[in-house]
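What follows is a set of structures to go through.
You will see chain A twice below: alongside chain B first, and alongside chain C after that.
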Partner chain A sequence: MRGLVIPSVLLILWEAGSRLGVLPPDSTSRPSDIVRAFVQAMADGSLLRDTWLTFEAALLGLVIAGVLGILLGAILGLSPRTERTVGPSIEALRPIPAVALIPLALLVFGFGLRMEAAVVAFAALWPVLLMTVAAVRGVEPRLLELSRSLEFSFSQQLMKIVLPAAFGRIAVGLRLALAISLVVAVTVEIVLNPRGLGHSMIGAQQALRSDLMYAQLLWLGFVGWALNKVAQR
Partner chain B sequence: MKRALPAIIFALILIALWQLAAELKLINPIFFPSPGRTFGELYMQIASGRLWQPLGATALRMLYGWLLACGLGIALGAAIGSSRAAREYLEPLLDFLRPLPASAIIPVAILFLGLSPAMSTLVIAFGSLWPVLLAAVHGFKSTEPQLVELCETLEMRRGEVLLKVALPGALPDILSGVRVSLAIALILAVVTEMQASLPGLGQNILLAQRSFRSPELYAGIVVLGIIGFLVNHGLLVAERRWLRWRAASV
Partner chain C sequence: MIAARNIGVSFGSRPVLAEVAFEVPAGQFLCIVGPSGCGKTTLLRVLAGLITPSTGKVTVDGQAVRGPARSRAIVFQDYTKALLPWRTVAGNVALGLEACGIAEPERSNRVERLLAKMGLGHCAGHYPAQLSGGMQQRVQIARALGQDPQLLLMDEPFGALDAITRQGLQDEVARIAAEQKTTVVFITHDLEEAIYLGDQVIVLASNPGRVAERITVEIPRPRSQLETREDQRFLAYRHRLFGLLKH
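So, the complex of A and B:
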């Protein structure tokens, strides 16, 4: 309950400040106007549509990162020799900030879903990959010996032994990747991709609809918060 | 060295394949320049000195925002972490703000500050504040209660306790937060340069893309990757050095 005190006080001061003309009206719209803009954007479906567009790209990127990360991670985790040979080349890509790939993704795919998902996939790959390698290395070695003596193929070994045993820690990596994917998707939209919540916020700001912009910002905050809560279950 | 040999050979094979694929134009050369052209461009930029100005601009932008975030994060973290009341009032609000994508406040920052360097610094500081702040709250929260009692019997002032006892104890947490923050600061420096057309590496790679100068684009990505690597490893080394006293005492 005490957590609500400061936000409430801030909101009341904000509303009062803009009604009394203390705050600049162009950049700080009143909370009551923001609520109205929120209700309107919800009612005409634009907010939910934008949210879906952002999620679409975030989820597509997450799926690509998940599949690639788990597969690569399993291979590298199971074979130390491959890891020593291939690992450093992959590791060399890791320090590249994902946003530096935005212009490249644009060059390859043009505007739209695919370029956004590609940037998201690059950013979300690393937590999945690293957690999978660590998780696979932690799998009981006797289980692997057993699978070898049963002459399992690599895919059988993967699906029947390794992934079930390593699933808990891989899930941690996926959860981290989920949070990253939403952040990166919004970032790509804000920088240049004309779709989704990020683009709408920039549009609202340029149209001087700061009420709508704050409504979208708070909504985005809520969505991110809710997603985090759900993922922690 | 012998163990590293396969890795080096593999990397060289990859680069050779990249060169071959580019020479044979297997992939559209508009977005797939050969490594020769990419590193040639990078060499030209270094030799002619064209690299340093945007590199410096981006690095400074990153550092200003980051230093602001560190100062603010540690101070706020000390205030919140060492007081139960402050935690009860503020933690839910922080919980809500933390998952907010830092880039989402770019429109708000533009509204207040325009497309200016101040806008960029504000966004970087806001985005890279959270890891430091959360780590500092955690670090200060877990100060040994017996140490605090000892300070009370010694009648030390609150500020003194924070500085001499709580801060060194919280340092390991803070340093790891600070490292994550710097990585975020680099990302946001690039983002704000692209969004607000501020001079720097971020704007350069976007301009290279717009005029289809792909070797320049790739060279820019390589440079940003190198900065990312140096930033992370530089702080890791610093962390190890500053925390040596702790490893010895444990």
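So, the complex of A and C:
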């Protein structure tokens, strides 16, 4: 409860400041206007629709990154020889900022879901991949010997021994990837993809609807927080 | 019959085993005893096919061993690391059956029988971490038996257990091996355990690990913890081998 004191005081000062004309009206809407814009955007469904579009791209990218990252990570973690062959190429790709791939993704996929998901997948791949490699390397060697002596196939070894044993640490990688995927999806929309929350925020800003922009910003913050809470279970 | 022919293993330039040779007829119980660091565990891994020896080979019924196989089940010493902590006791025992491609409902039936055989019926739904060391080792033995192995390889399976639990499990392993006519190779550092369980006992000497002595134990089965250990023959074997285990 004590934590609410500062935000409440700031809100009151903010509202009073803009009513008295102390704050610049273009960049700082009144809290009451923001609430009105939020209610309206909720009521006409535009906010939820935009949220879904952003989610869709973030989740699709996350799923691609998750599947690729876990599979590739398991192979690299289990086979030092493959790691020595593929590792340097991966290290060369990893430093590329995902956002720098937006022009290329646009060229390949055009505007829309696929292009956005591709950029998200590239960004979200690394934490999953690196955590999976480390997790698989940390699997108890006795269990791998057991798996060999039971003559498990590669996929059986993966499903019955390696992935369950490494699950805890892989989940950490997926959680990091989830946070990244939302950030990247919104970024792609703000930069150029004409869909989702990021695009609507740019629209609101250009239409000088800073009340709506604030409403979307706060909503995005809430969504990100809620998503993290869900992922921590 | 399983035969070790002139097995030599080197890690780098360090020889670990040299010219180890023996034969175990089908259904026999071989105990390999030796001081720590004499290469006992390495030898067991060679028999399992987990390590390829630098020289020599292992044959099973005349066929050279080229890698691990389900027909050669391993019971590891460190049971806490060899069981799947996310699976229940029943789930762990089922693993060997899954490897053999045995489908439900047959699998559940067999798991139930294996659990009953190892006295684990009441804790089928428990997780390994909830069990005592002795019970966890029973789970590992049940899992190994589920593979229906021709050869059971046991690596100091009772080394970490207290004396009473150990004696109970010795008798159970002896009973099961006799019932199923499984060939057993049993590694231990406990000379009395080796004589008590074995039809044949091999003593390894260190640096590099090599066969120092081999005896055939002429004490009839079933053996008993009290009488067998007081038997004149038992004491004579113990006398004869004891000196070999001193450093």
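Following the convention adopted for this analysis, the second predicted complex is superposed on the first by the 233 of 233 C-alpha atoms of A that agree within 3 Å, B and C clash if a C-alpha of one lies under 4 Å from a C-alpha of the other, contacts with A are read in each partner's own complex, and residues count from 1 in each chain.
In the analysis below, contacts are C-beta pairs under 8 Å (C-beta built on N, C-alpha and C of every residue); 3 or more make two chains touch, one makes a residue touch a chain.
All values reported here derive from a predicted model rather than from experimental measurement.
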| item | value |
| --- | --- |
| Which of chain B and chain C A:143 touches, first, second, both or neither | second |
| First (chain B), second (chain C), both or neither touched by A:201 | first |
| Which superposed partner A:42 touches (first chain B, second chain C, both, neither) | neither |
| Which of chain B and chain C A:161 touches, first, second, both or neither | second |
| Which of chain B and chain C A:12 touches, first, second, both or neither | neither |
| In the superposition, chain B vs chain C on chain A residues touched | B |
| First, second, both or neither for A:220, with chain B first and chain C second | first |
| Chain B versus chain C as contact partner of A:22, first or second or both or neither | neither |
| Touching partner for A:151 - first (chain B), second (chain C), both, neither | second |
| Residues of chain A that lie at the interface with chain B and also at the interface with chain C | none |
| Residue ranges of chain A touching chain C (in the complex, touch as defined) | 140, 142-143, 145-146, 148-152, 156, 160-161, 164-165, 167 |
| Residue numbers on chain B that touch chain A, as the complex places them | 3-4, 6-7, 9-11, 14, 30-31, 88-93, 95-97, 99-108, 110-112, 183, 186-187, 190-191, 194-195, 201-202, 205-206, 208-209, 212, 214, 217-218, 220-221, 224-229, 231-232 |
| Residue numbers on chain A that touch chain B, as the complex places them | 2-7, 26-27, 81, 84-89, 92-93, 95-104, 106-108, 179, 182-183, 186-187, 190-192, 198, 201-202, 204-205, 210, 213-214, 217, 220-222, 224-225, 227-228 |
| Partner chain A, residues of chain C touching it in the complex | 48-50, 67-70, 72-74, 76, 78, 81-82, 84, 86, 95-96, 98-99, 147 |
